[in-house]
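Remarks on the structure that follows.
Letters A, B, C and D mark the chains in the order given here, with residues in each chain numbered from 1 onward.
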Amino acid sequence: MSETPSNGRPKIAFFDFASCEGCQLTVVDSLQTHLDLLNAVEIVQFREAMTEKGEDYQIAFIEGSCTREADEARLLEIREQADVVVALGACAHLGGVNALKNLHPLEDTRRWVYGDKADWYGTYEARPIGAVIEVDLAIPGCPIDREEFVRVVKAVLIGKTPPIPDYPVCVECKLKENVCLFDIGKFCLGPVVRAGCDAICPTYGDGCEGCRGFIPHPNQNAMKDVLAKAGLTVEEVMSRMTMFNTYQLQEQLVEEEGR
Amino acid sequence: MSLMVLNKGAVGPLIEALMADYRVVGPQAKGPQFAFGTLTDPAQMRLDYNTTILPPKKVLQPQQERLASYSLGGKPSVEQIIEATPTVLFGIHTCDLHAVQLLDKAFSEEYPDAHYLARRDQTILVSLECLEPCDEHSFCKSMGTLTAGEGYDLHLTDLGLAYAVDVATEAGAQILSDYGSASEAGDGDVRRLNDVLGAKWPRFTYRLEFDAAELPALLSTAYDHPLWQELGDRCLACGSCTNVCPTCYCFNVYDETNMALTEGERVRRWDSCQLDEFARVAGGENFREARAARQRHRFMRKGRYIFEKFGELGCVGCGRCIRACVADINIVDGFNAIQRSA
Amino acid sequence: MKIEVHHVTRVEGHGDIVVDTENGEIKECRFEVVEAPRFFEAFVRGRPYYELSHITSRICGICAVGHATASLQATEKALGVELSEQTVLLRKLMFHGEMIDSHVLHTYYLVAPDFLGVGSVIPLASSHPAVVERALRIKKLSGDVCAMVGGRHTHPVAMAVGGFTHLPSEVELRAMRARFVDARVDMDESIALFGTLPWPEFERETEYVSLKKDDEYALIDGTIVSSDGFSYPIEDYRKVTNETCVPFSTAKWTHHNRDSYMVGALARFNNNYDQLHPRAQEAAAKLGMKPLVTNTFLNSAAQAIEMVHCIEDSIEIMDELLTRGIKPETPPEVDVRAGEGVGACDVPRGILFHHYVYDENGICTDANCIIPTGQNMANLNADMKALVPQVLDRSQDEIRLLLEMLVRAYDPCISCSAHFLNVEFV
Amino acid sequence: MTSVYIPEMARLVGVEQMTATEKLFTIELPNGRSLGHDPGQFVMASVMGVGEAPVSVSSSPSRSNGVFELCVRQVGDVTNALHGMEPGGWIGVRGPFGNGFPVEKMRGKDLLFAPGGLGLAPLRSLINQVLDERGAFGRVIILCGARRPQELLFRDEVDEWVARDDVECLVTVDRGDDTWDGHVGVITTLFHQISVNPRNTVAATVGPPIMYRFVLMELLGKGIPESQIYLSLERRMRCGVGKCGHCQIHDLCCCQEGPVLTYAQSKGVEEAL
């Protein structure tokens, strides 16, 4: 992690690619409870919320997936300038829902949406930004968690590793003493998905969909068995696993085939 | 000390009266399950609960707790934070009571833990005799925790229309006399109590196929048992089994700061030996990398290590870990499998 | 003169303005959507019905609840799922939360800086702390009500086919109601503030399209109506939208009776003024607004009026929920079958359609989403073409700012707009 | 009751860069109080706001002078923050904790020390104590290894040991360079250069996990009894006082029963070595 200038606040900038901008919105929302963020950092670029545009940022927060050639050059420019590049949210971190299109033949996808005008719109497979440039840190989630964003900023300010958990959602879910969804006939990816969201989905009665990506060394086979036992068909199991993690699973397949 | 009788109708008023001066924590419904929580209304208490999702350990060692606050800049000043409020922990089953006694040992040996002990000191334990198995997974009878002779301030046994209250401590006697309206037990009450206690045992079954006292010795020969690999293949390493366990007390410590970096807090949070990062050290080396080794560690701790350290088994047979495991890993089946192959 | 605004700021998503004039003649004048297309309609094919609202809420971080609501409606119609009255009330409450959230974001964070001569809301934190604090307070309130009902605003969790997977407690509802009542002060002050803003003068009448219901200010479901007197059931949405691709935009364009039409707060205000809550009508009077309002810039003022409406209606909804008591319902079992359904909501930026086809296993085989910003695109371009000649005598900077303000007045939600479909259903 | 988790703020009075990744910190407790540690014990060192890490005390109790020393390798958050500190700064200290080396049992015995790399940090404490009471012990053999010459810690002191007549000190590096005219090879290559009376020898070795495996083979090969071989294990620790569970290896609690253990205690414990 690069040093932040001691004489002043670090300059940060926000950028977005293919995404819903919900993560940037979450950043804006974090001001409701953490207005002192504005004293701790200097925001020099944030197109969604401000007109001013400074290019001398040290930390770049990037939301969204890379989905077309034009994105690559812009990403490289940002990497060139920023000391620290942060992938903000699932689209940038994992490819997210954007990568669902990778499950269909590209040509078919384009024609499906734009018909005979498909050639007007350049696009290719959706990828996390880490597939294009080096990423120093990812803040996972769809959308990111407001409190986690603040925790990360504070860690960067004091110069320590941002506390993104390596443990699964079940930990937070249990600590909140939720009724496990498997106990009430539902299903959940919590055991293999990275925590940090305070288990918001199971807390609100819906199984984790995996928006924060898998934990390191997930036992995917055991997870599939558990889901199958909960009554999911093979297709439904794959559907659950791919919702946010298509890109990772496809890469994993390529890797396994390579071996 | 003495045996008293508390009419069931008098329980609500007792709780109500206690609530004025104490935090009263009791079992409450949580969806189709149960959880210990601070009562805001005596009617919330459900003494007919099966078992709670988390054990009452959370009252004595909260999921997350602040250890210290500090200021930064110049010479940091560090203040310890001891958070303890007078608490009545009402209605805990005897398995959990045994677990609290184990936690007491763990937190008072050698380097006493001031944070835990301050809370423990201010907590009055009111336990409840189980008259039938609470849950298909509990195996308290096997672990010898189906009843308790000590460790509580008050102990309740359901006699039908009233509770027999075993008053074990001064503190227990005091709250009962100051806040409740119990009466001395008569001969009839004692007889009924003995009947009730005598009748309950056949309702419980031994689920361990051997004497639990053999566990430490049995496990000392099972380090290389094939069971661990089998469990490791199925285990999701989600940590639920340890998080729900009334005798697990591992924790992690974090520093947090405010945005201006002028002050902060040191906090601790429950941790689990089942998690990938638990034994990872600088340089990335992980001393318990395989899920199989982590499951072994859990079984060993429950059946052997804790015994070696404190002279009591680390498992009280509450069955929570079995219920919490989505991969159906079952500690009783595990112990039995090891015994059968021994 | 040539004006190019690359990536207009303080809007959601990427759009460019291009104006080229020669001797007072307009050669080029258009708004381009350059947002990367995301192809939701293509990739929801093959997904099970219960995932659709969760995936399509990801079209937009600002109107996630709106997308989820329209999506669920489409699925529920396709699969024949009935909603309980409690579910209907909670959906409305959640929807109001998002409406307020989006409108406060737009009016305070994105539009107000233009009038206060700054580039963003950030400097206002020190120059106009009371204004910013109020904005943060309203934003927090709206976010909190969404969180109370659905877990969070951006990509709600608890909204499921047929109902909710989590219910607010009566204690929470009561506390929330009290905060909504307190928010009346903030509403009054907001209206007072917007009354002082020098809205640019610009009139251009167009066709206004919105949903309509007889008994309430239509936001969820209803019929499609136009100020030109047309009316359609929502299943006939294509008769209104008539989408076409345009080469400089990843968003598709729509037109109905005229070359273009407008959707959004101003369209709703014009079409449904009578159903606004009396307090909202009072607010309109304070702002000097009564249908037919034809100044596009006043779309933001109409949003402020709608905020008042949503606050009041939310209080009434919470009263009703508290009177009935929260029933511990869970979403009904879905009888999975083949089917087709259209959902429509009037989300903050205007009318939104989701249209799905499911096979007998409840797997989506076909989908179409038409979002408001796309429908406004042609109208925005027409406005620009009308506005530019009226202001050609001003400096380039002034024109640029005015055009940007015009774009922002539409509150365009560009990431939403960049996924359109023009496929006929068979 | 005072919490055992609350660090005492101690002043950093000296910082010395030793190698590219290691610094030696000299720390003064309030009122010049001595730490009162045994060689091999560790303290929990805190940088408030960042966190806490276990670090062995590197100075000898016999040379306390109101200060103690920590030799710290920069590997993560706390160690980074420590490396960023300058004299005058404040470090939180708890401890000393754990079981150190049993100096009493060593009296009258021949001693064989085998530090590898950073393992010299804790062993230096023991070696200097032994040298300060040189007469109380038999032979003192030091077999010292580092990966490269520039990674060799406490170079001056090691040179002194080499120069002393009453110490047999051999030094090796895995890979040499132009500045190095000493022995080249892994630490185990030093063992055939010495012979010991195994019954009367107590050995102490500290180093990275991989080193243990080979050094232990050598020590056992020389016939030194398992109960007379001491080593120090490093595990993740969050409390240092036997509560947090992180450092438990099999049935051993590293921060209480360790970090110094005999080979007899740790052998066969799969997770230990």
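Definition applied: a residue touches a chain if its C-beta (ideal position, glycine included) is under 8 Å from a C-beta of that chain, and two chains touch if they have at least 3 such contacts.
In this text the structure is predicted, and so the values were computed from the model without any measurement.
Put simply, the chain farthest from chain C by mean CA position is D.
Rounded to a whole number, the gap between the C-alpha centres of chain B and chain D is 39 angstrom. Inter-chain spacing, taken between the CA centroids of chain A and chain B, is 37 Å. Taking each chain's centre as the mean of its C-alpha atoms, chain A lies 25 Å from chain C. Here the CA centre of chain C is 66 Å from the CA centre of chain D. None of the residues of chain C touches two or more other chains.
Listed for chain D are residues 49-51, 76, each touching two or more other chains. Shared interface positions of chain B, i.e. residues touching 2 or more other chains, are given as 254, 257, 261. A list of each chain pair in contact follows: A-B, A-C, A-D, B-D.
Interface residues of chain A facing chain D in the complex, by the touch rule stated above, are 158-161. Touching chain A in their complex are the following residues of chain D: 49-51, 76-77, 80-81, 84. By the touch criterion given at the top, residues 7, 9-14, 35-39, 41-48, 51, 54-55, 58-62, 64, 105, 109-110, 113, 119-122, 125, 136, 139-140, 143, 150-152, 154-155, 157-158, 160, 164-166, 245, 247, 250, 363, 415-416, 419-423 of chain C touch chain A in their complex.
By the touch rule above, chain A contacts chain C in their complex via residues 16-26, 28-29, 31-33, 35, 38, 43, 46-53, 64, 67-68, 71, 96-98, 100-101, 103-104, 108-110, 112-115, 117, 120-121, 123, 142-143, 200-201, 203-206, 209, 235-236, 239, 243. Taken in their complex, chain B has these residues touching chain D: 67-68, 70, 72, 74-78, 80, 82, 106-107, 109-115, 117-118, 223, 249-255, 257, 261, 264, 266, 268, 271, 273, 278-283, 285, 287-288, 293, 297, 300-301, 304-305, 308-309.
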